[in-house]
Each structure stands twice: as C-alpha cells, then as structure tokens.
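There are structures below to look over.
Both complexes shown next keep chain A, but they swap its partner, so chain B is in the first and chain C is in the second.
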Partner chain A sequence: MTHSRFDTRLGLGITLAVTAFLIGPVLLSVTAGLTQNYFVGLKSGLTFQWVVQVWDLYADTIWRSYGVALATLAVTTVIGVPAAWVLTLFPGRLSRLLEELLTLPVAVPGLATALALIVSWGSTGWLRSSVAFIVVGHVLFTLPFMIRAVRASMQGAELVVLDEAAATLGASRRQRFFDIIVPAAKSGIVTGALTVVTLSIGEFNLTWLLHTPLTKTLPVGLANSYASMRLEVASAYTLVFLLMLLPLMVGLQWLATRTHRTGSLALGASS
Partner chain B sequence: MSLSHATPMLARGGRHTALSGRRAWLIIAAPAVALFLAFWLLPMVKLAGLGATAPTGETANAYWLVVSEPRYWKSLFNTVGLSLAATLATLIIALPVGRFLARHPSFPGRRVLMSLLIFPLAFPGVVVGFLVILTTGRQGVLNTLSQLLTGEPTVLAYAMPGLFIGYVYFLLPRTIGLLTAAVEGIDKQWLEAAQTLGASTWRRFVDIELPALTGALTAAGAMCFATAMGAFGTVFTLGTRIDVLPITIYDEFTNYANLPVAAALSVVLGLSTWAVLYAANSLAASR
Partner chain C sequence: MTAPLATDPLSITLTHCAKTWPDGTRALAPLDLEVRPGETLALLGPSGCGKTTLLRLICGLERADAGATIHFGEQAVTDVAPESRGVGVVFQGYALFPNMSVAENVGYGLKIRGVAAAARRDRVREMLALVELEALADRRIDQLSGGQRQRVALARAIAIQPRVLLLDEPLTALDARLRQQLRVDLAKLLRRLGITCVIVTHDQEEAMMLGDRVAVMSAGRLEQLGEPETLYRAPASPFVADFLGTLCRLEGAVVRRHLGVDTLAFRPHEIAIVAPGEGLPATVQARFFLGSQVRLELALEDGQRFTALVASNAPWQPDARVGVRMADAAPAALEEVASC
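On to the complex of A and B.
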C-alpha cells in the first residue's frame, strides 16, 4: 500500500504541530521555573532559587501527596484485585453491570462525587478533617483503572481453567488466589498500580473540595501558587510536579509496549 | 430413557458444581462493593434527594429552580457549547495525527514522539490552566509576540477562548491514542482494492476510512464531550468568572452555601455526562 506524498506530508506536519502545541507550553514552564526573572528572559540567568523556595514552602504537600497515593494504592490493590478476579469468573450481564457501576465515579464529574461525599460523610468529624477523606475520594476515582488493568491480564491467561484444575487437585481457595491468580495477574497489577499512583498524585477536582487547610495535597498547593505566587515560583512548583510524574509515565509506557498493547494508555487525569 | 437424553443432564450437573464452586469466590468482591455503596452510591442518592428540597428563602425545590431560572440555563448552554466545540476541534486535529501514526508504525524517533504526545495525559486540569496562562495570558508568549508585531495586545487566557484552548489541550492526548488504534484496525485490503481501481487518496478517505472509523470517532467524541462537561481544574485556574456549569456548582456550594441547587446541578451534570458516555459506548459496541 502506497500513501500519497501529500497525505504523508500533511499528516507529518499536523503531528509535529500538535506535538509543539502540547510540549511547547511545558518547556516554557520549565524555563520559567529556572530563570532569575522570567520577564527579563533567559539573559537574567538560570537559577535553582525558585525550586528551593518551592521546597521550603510546599514540601509538606509533596510528601502528603505521596502518602495519599500510596494509601490509595494499598486500598485499590487489596480490594481491586479480588474484585477483578470475581468479574473474570462471572463474565455475565450482572458482572458487566457491576463493572459499569464501579466505573461511575470516573464517568461522573469529580465535583459531584465530592459534594456527595461531603453531604453524607462531612459531619463525621474525624473523617472530614483527616487525610483519609481524600484517600476515600481517590480510591473511588482510581479503583476502576486498577480493576480494568488487572482484568486485562487475567483474561489472557486462561486463569479460570487453571484455577479449577488446582481446585480439583485439592488446593484451597486462599492458596489458589495467592499462588496462581495473583502471580498470573502480576503485569496487570503493576500497570494498575502505576496508573493509580499517577492519577492520585495529580487529582484535583475531588481533592479541592475534600481538603482542609491541614490536608493540602500537591495539586491543591499548585492551585494556590497559581493564584498567589509569582510566575517563577508557580513554574518551579509545576516543574517539581512534572519530575514526579515523569518516571511514572515512562514506566507506564514501557509496560504498554512490552505487553504489545497498541493504542492509548488507559489513563486520564481529572481535568 | 435413551443415552442421548442422559448426557446433557450430566453435563448440566457438572456445570452446576463448577458454578457453585465459583460462587464461593463472590465474597472477596464484597469490600469493593461495600466501599462503593457506602461512599458513592448512597451519598449520591442522598445528594439527589437534597436537590429535591427547597433552598432557604425559596418555595420551589432546587430541581425546579435549575430548570426554570435562565441563569442556570445559560450556564448549561455555555458548557454544552464549549464542550461540543472542543470535542469537534479535537477530533478534527487528532484524526490526521492518528492516521499518520498508524500508517507509519516504525520510523526513527517514533517512540519519543509518542511519549511526548502521551505525557500531557497525566496533567491535572489546574496545570493545563496554568500552561494556558503561560502561553496566552497577560504575560504570555502570544501577547508578547502580538505586541511586537502589531502593537496590539492579545490576551485569550481568562475567558472562553482560553478555556477552549485548555480543553483541546487536555483532550488531544486522550483522543490521539484511540484514533491511532482505530486506524490500525481498518482492513487494508479495502484500501488496496480501491487504489487498484484508481480511487484517489481523498476518495479512499471519504468512502472507506471515514465510514470504518465512525464507531471510534463516536466513542472518542463522547469521551471528549463528557470530560469537557465535567472539567473543573482548568477553568478554576483560568478564573472563576467564566460561566460554565462546574464553576456554577462550585459557586453555589462555597459562595452562596446553596447546597440544594449545587446538588441539583451536580445531579443534572452527572446524569448527562454519564448518559452521553453510555449511549456512545452502546452505539460503538453494537457496530
């Protein structure tokens, strides 16, 4: 199959333009975060002073975001992997309905989910004022991604047959789960884990309504800095955030190419 | 009783034991279901109920207010218009990118290019808003260039045009991957046959590629539309004076403490985005 030269050139041109549109602003932000004075430009010199200032002002939000992400990951793994196995075992209509239901917190805007949580659980004082409230929101939002990733790796492996064979040989349910199912779903669990952590670290829409002054996460701090800090500090903070995302995204893409799944990563930050 | 009758009954019995063996697994899905019920479904039901109450100083319930008051209509209208425009623009831009990437599965730098196109997928809306300010804001590149070239300032960031740019920015990385996979899935034989018969590139695109891609375009479009409708972070960074539904909900909740109206609007917004996604997914699945 040959493609017309014009077609190829047009496609290449648009692709490069889109790449510039997506990456140009990022480069701009990185530059701004490392320049002495953004309005004077690069000739004012490069500096790490803004990054240091960000660290002094916002280090707590960075650690808290990692903490929330890890707690979210722990919960989604412990409840998501078993749920994915049950959905694999029962591929019927009821299962599909259950999966559809569990995906609702992704389909419905985060604002609505956050309001619902506040209306029902906001008066439970210890929960409202603790980081756990944010973790609950993040678990609702990320669980479907974990389940989907784990299910994808369970379907390829003929696990149901394997599991039933082990059952006839007398292996207990617990043994089968930990010795057969979990190892077989390993790649899915890793993909799911990276997705969950990436989404949790960047989650804003839920977190903005669920946080208190004492439970600010990184995106909440970012929003504050965008509203009140000079451009260089806001950019340096963004740079720190991007550096946190980078290894996660590289890992996700490496996994996606390794498992030969074409198309997009099953991920979409809260916009 | 003949043997031919007995066999299916035996088989049915065997399947029955396997199934009851499987049923014992159901319990391990309980934590996920319990969490969903306690922290999402029941709270949502309560929120929906709250929308049926009257806000302080009003006699009508909040759903009625949302439907009858023009300012809520205007907000909804703005949101739908913006989301439709951003969706259309995204599909039109992403389709040639998807075609190019699908037709050129290996060239030097493709991996890097893909990574660059996918990286913004992980940016939350607030960051996208900030990037829009950096490029088209008061101190943005666009304004600097515009003043240099024409002497006139060009500031887009803090109103609808800036929001549109931000929405296209976060929708593009989500769409390109989907469309690339869809183009890869087109049966090449059709295109080759059409070429042999002398059809031009444009004719092949219109008569073969586009019809083959309708399902993927619908699904991607619905995803874009639903994402844009519910987006909050981007507009929150760009300025809370832009009148779109998520900002209206946020304002009613925080600034006016009008929980019933915030609840009613959330339910309307939630139901509409879910319905769009559900309809598009069913449509794509039935193809």
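On to the complex of A and C.
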C-alpha cells in the first residue's frame, strides 16, 4: 500500500504535535530548574545552585526510591513468575477469578489500598515505620503487571508441552521450572520488570499515605518540594528525577528489545 | 565401555484402562492391552479416537479412571509420576527445548540423572551418531529442519535408556517425501534398538510399516488388535476394513443376478477387468494413469460406482464396456465383512 505525500506529512505533523504536547511542559519545568529566577525568565541567568540544593536536601529519597523499586522488583519476580506458571498450567475458572482479584489493586484508587494496608498492618510498629511497608504497597500495585507480562510470554510458547517433555526425561517440577520455563519466559519477565520498576519509581498515591518522614521516596519528596520550596528547587528536582530515571529506562528497554528478538526466534523453533 | 542402546525390553500391560474428562466426556472406554517385550505396537485411528490419550496414560501424563492398572514388566506404575517411569517420549511437535543446543537437548535427561559430564558427552555423541546428526551438535533448535528436529527428539528420548519408547505421531509434521524416508529410517532404528515401543499414528501405511502389531481404535474403543496383514486381510469390522485402505462395496439385484451373492466387498486392486460378457458388467467412467498402475472409476448398470487399480498397460478407456470379477489371488475373507 502506498501513502500519499500529504498523508505522510499529516502523520508526521500530528506525531510532532503530540510529542510537543507531552514533552513541552517537562522541558519548561527543566528550564525552570536551571534559571536563577523563573519569574524573571532566562535573562536572569542559568545556574546549578538549585540542583545542588536538591541533591543536598533530597539525595536520600532518590536512593530510597531505587532501593524500593529494586526490592519491589525482587519480590514481584519471586512471586509473580511462579504464579504466572501456575495460572498457565491450570487454566480454569478459578485461575481467571484469581487473576481478576490480583488486578484489583490496580483498579482501586491507591489511597484506598494504602488505607487498607494501614488499617491491617499499621499497628505493627516496626513495619509501619520501615521502608518495607512501602515495598508491600508497591508489590500489591505492580504484581498484576508482572504476572500479566509473564503469562503472555508463557502462553505463546507451548510451554506446557515443553514441561511435559522435561517431565518424561525425569526432571522434577522445580528443575523444569528453572531449566525450561524461566528461560522460555525470559522476554515476558524482562517486560514485566521494566513495567514494575517504572511504576514503582513513579508511584505516588500509595506512597503518600504509607511513608513516614524518615521513609520519603522520590515522588513524595517532589510533592514536598513543590509544596514548601521555591518553584526553581522543585523544578530542579524534576531534572534530577529525569537524569536518574532515563538511563535506567533506556537500559531496561534495550534489554527488553534484545530479549524479545532472541526470544521470538527461540519460540519459533518450538512451534 | 559404551552403555547398551537400550535396557532389556519389558512388556506393557494395561488392565481396565479408561479415561473420562472432568466434563464427563469419555475419551477412552475401559480397555485391556498388552504390548509384548521388544514389540512395536502401532495405535491407529482417526483424530479424537483416544490413541494419544492412551499413550499419555502409559507415560503418566494423564491418570486413568479409578480401577485401572498399568504394569511395566512386573512393576505396577499406575501411581508413578511421569518423571519416575523411565519412558522415552517423542512428542507430536517434538517439544525440543528452544533455550538449549542440539547436544544439550539430547543430554538433558542424563544431566537430570546426574551422569558425569564426560560420560554424558560420550553418550550424546553416540546418540547423535545413531540419528546421523553428529555435525549439528552445537546448533540451536531454530536452525534445524523439520526432519532434523524429529531425529533430535528421538535421540533425546533414547539417550536416557528408557524402559519403553512412546512416539506420538512422530512423522506427521513432515512433508510427504521426507516422511517416506524417515519412516524407513525409524523402522530400521526401532528394530535395532529392540525396545518395547508404542507409536501413535493416523496413517495406516505408517502403522503397518512400523508396527509389529497394529491396534485400530475408534471413538475411544479398541476395534481390533493384530498383525498388519491379519488386519488387512481379515478385518473384524467394516470400520477396520475401511480404515486400512479403500474398501469398495457392491450390492443389490445386479450383483445377485450375476454373481449369486448379496454383497461384494473388495479392495480396488483385488478385482480383475475382463472382456464384456464375463463377470459383472460395468462401464469405465474415468481413467487415471498413476505410473505403476492405472486407476479406473467404474459404474454398474444400476449406477453403483467403484474403483479398480489395474496394471498400467490396461487398455480400457472411458465409456468402454467391460466385465468385472474378483482377481484370482484375492482373499475371500472380505466378503464376510460386508455382511457384518
């Protein structure tokens, strides 16, 4: 099918407009973080002092966010991959019901989930005041994304037959899981990991209620700085956030594309 | 010293084996079956007849309904998990592990059994030599052709020295020409291994060529069990007769008047075409040259149609009037079938 020049230009124009709409505000915010005085504008001069100030005040929230995201990733992987396999092995009404239940925390407002967590666990002193509490909330919210992504890759690969083949060769359930299932679901696991880390680092709703002054994460710190500091500082915070997040995102995306490519080749072989 | 290719052959005995799915569908009616030690038994039938279910009961991937017993030799394996049954299985789509090389696939069962790396390497090499794939040991699975995959699957199943070998439609995924070739290779290999083997197929030629005995199945039941020749020449039911090759059937007043029998059942190569006036009068409707044979489509005067396979130098052309009678060598047994 051929496209006319007009179609191509129109498509390009719309794409650029949408991109500008999405990125424009971010760019403005970043600029604000680098200007001496945002209300005076760029002619007031450029400076790194706000960035330095953010780093001094909030570096701990950044590292904490990374820690929380990695811990969330570890837990969702350890729970999510076997869970996805069990759901794939026994596809019935009960499986579908379980999957719907797992998705519930995504549909329910984060604040409600956080309240439920506080009501049930808030009186457990050490947990309420530790970062682990935030990790629990993030796991609840991100687990369905991991399970969905891994299940999708498991369903496409005729994994049940591969599992049966390994069983007849003498492999135990555990051996089959690690030797056959995990490698075959690799692309789904990487996709799930990308989603989990992204969601966890940016998560605000749940964290806002779950955090204590000593367990602030990056988005909570950002809200804090918007509420209590100069606009320039809050904007510089956005810049730091992007600088920390972008390499991680690009790296994970690259890994996902790479695994998808080799993964799909391998899957083609089993069909 | 190299390990033997296979262990001493065992019999497989199934007693009162039935399978009902959770929704109440009967996949397999209760059946008794014995596969003799060292024998290759072909399970033959149309799709959905329960032959794959029977194979899965033998390897333990499905559990039979209560009351069934399965023995390998003297040992009861009814409640033994598939990983402990010591069966080699070649799956329909081969189920090769995409994350492993050819050699790793073949050696996987040995690795699970804790065979030392050096011994494993030797055994893998030996298995790959057996299926003539030594040169491809390090290939990825997606770099193999269909026929090569089939041979890797076979090598993987045999490598663990299974007590019994089970093959589920091992040649179905291949194109016709390759299937012919691999069928011969497989027959030779099975004979060489001398292992007790059950092979599931819907292809009657494959069943007759590979099976020492053939079990014909239909709608979850065992229709007949016997040597290929017995099944072909003395089928116990019209279904068996029809499934093992084309069966033509003629009946009615014309047949009675000319031959003195009510019905006549025969295979297309079992009739002779003679000059008009002899036997049953018929007209040639179409003629197809097949190389070594000619296929004639014929019709009786009352419109009943049938097929004859005759020598390729047969002179009859469409619209020729001819006579038809049973060839001298044709067995009489088929006439009995027609009446059942």
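Annotations
Operating definition for what follows: the second predicted complex is superposed on the first by the 228 of 271 C-alpha atoms of A that agree within 3 Å, B and C clash if a C-alpha of one lies under 4 Å from a C-alpha of the other, contacts with A are read in each partner's own complex, and residues count from 1 in each chain.
Basically, contacts are C-beta pairs under 8 Å (C-beta built on N, C-alpha and C of every residue); 3 or more make two chains touch, one makes a residue touch a chain.
This is a predicted model, so every value here is computed, not measured.
Contacts of A:Gly125 after superposition on the shared chain: neither chain B nor chain C is touched. In the superposition on chain A, A:Ala171 makes contact with chain C only, not with chain B. By the touch criterion defined above, A:Pro213 lies against neither chain B nor chain C after alignment on the C-alpha atoms of chain A.
Using the contact criterion defined above for the overlaid structures, shared-chain residue A:Ala234 touches chain B, although it does not reach chain C.
Between chain B and chain C, the partner in contact with more residues of chain A is B. By the document's definition of touching, of the two partners only chain C reaches A:Ala184; chain B does not.
In the superposed model, A:Val161 makes contact with chain C only, not with chain B. Residues 164, 167, 265, 267-271 of chain A contact both chain B in one complex and chain C in the other.
For chain A in complex with chain C, the residues that touch the partner chain are 157-158, 161-162, 164-172, 175, 179-180, 183-184, 265-271.
Those residues of chain B that touch chain A in the shared complex are 18, 21-22, 24-26, 28-29, 31-33, 35-36, 39-44, 46-47, 50, 93-94, 96-97, 99-101, 103-104, 111, 113-135, 139, 141, 167, 169-170, 172-174, 176-178, 180-181, 184, 188, 191-192, 195, 201, 226-234, 236-237, 246, 249-250, 253, 259, 262-263, 266-267, 269-270, 273-274, 277-278. Contacts from chain C toward chain A in the complex involve residues 59-61, 81-89, 91, 93, 95-99, 108-109, 112-113, 140-142, 144, 156-157, 160. Note for the complex: chain A touches chain B at residues 1-4, 6-8, 10-12, 14-15, 18-19, 21-26, 28-29, 32, 38-39, 78-80, 82-83, 85-87, 89-90, 98, 101-102, 104-105, 107-113, 115-117, 119-121, 136, 139-140, 143, 147, 164, 167, 173, 177, 198-199, 202-205, 208-209, 219, 222-223, 226-227, 231, 234-235, 238, 241, 245, 248-250, 253, 257, 262-265, 267-271.
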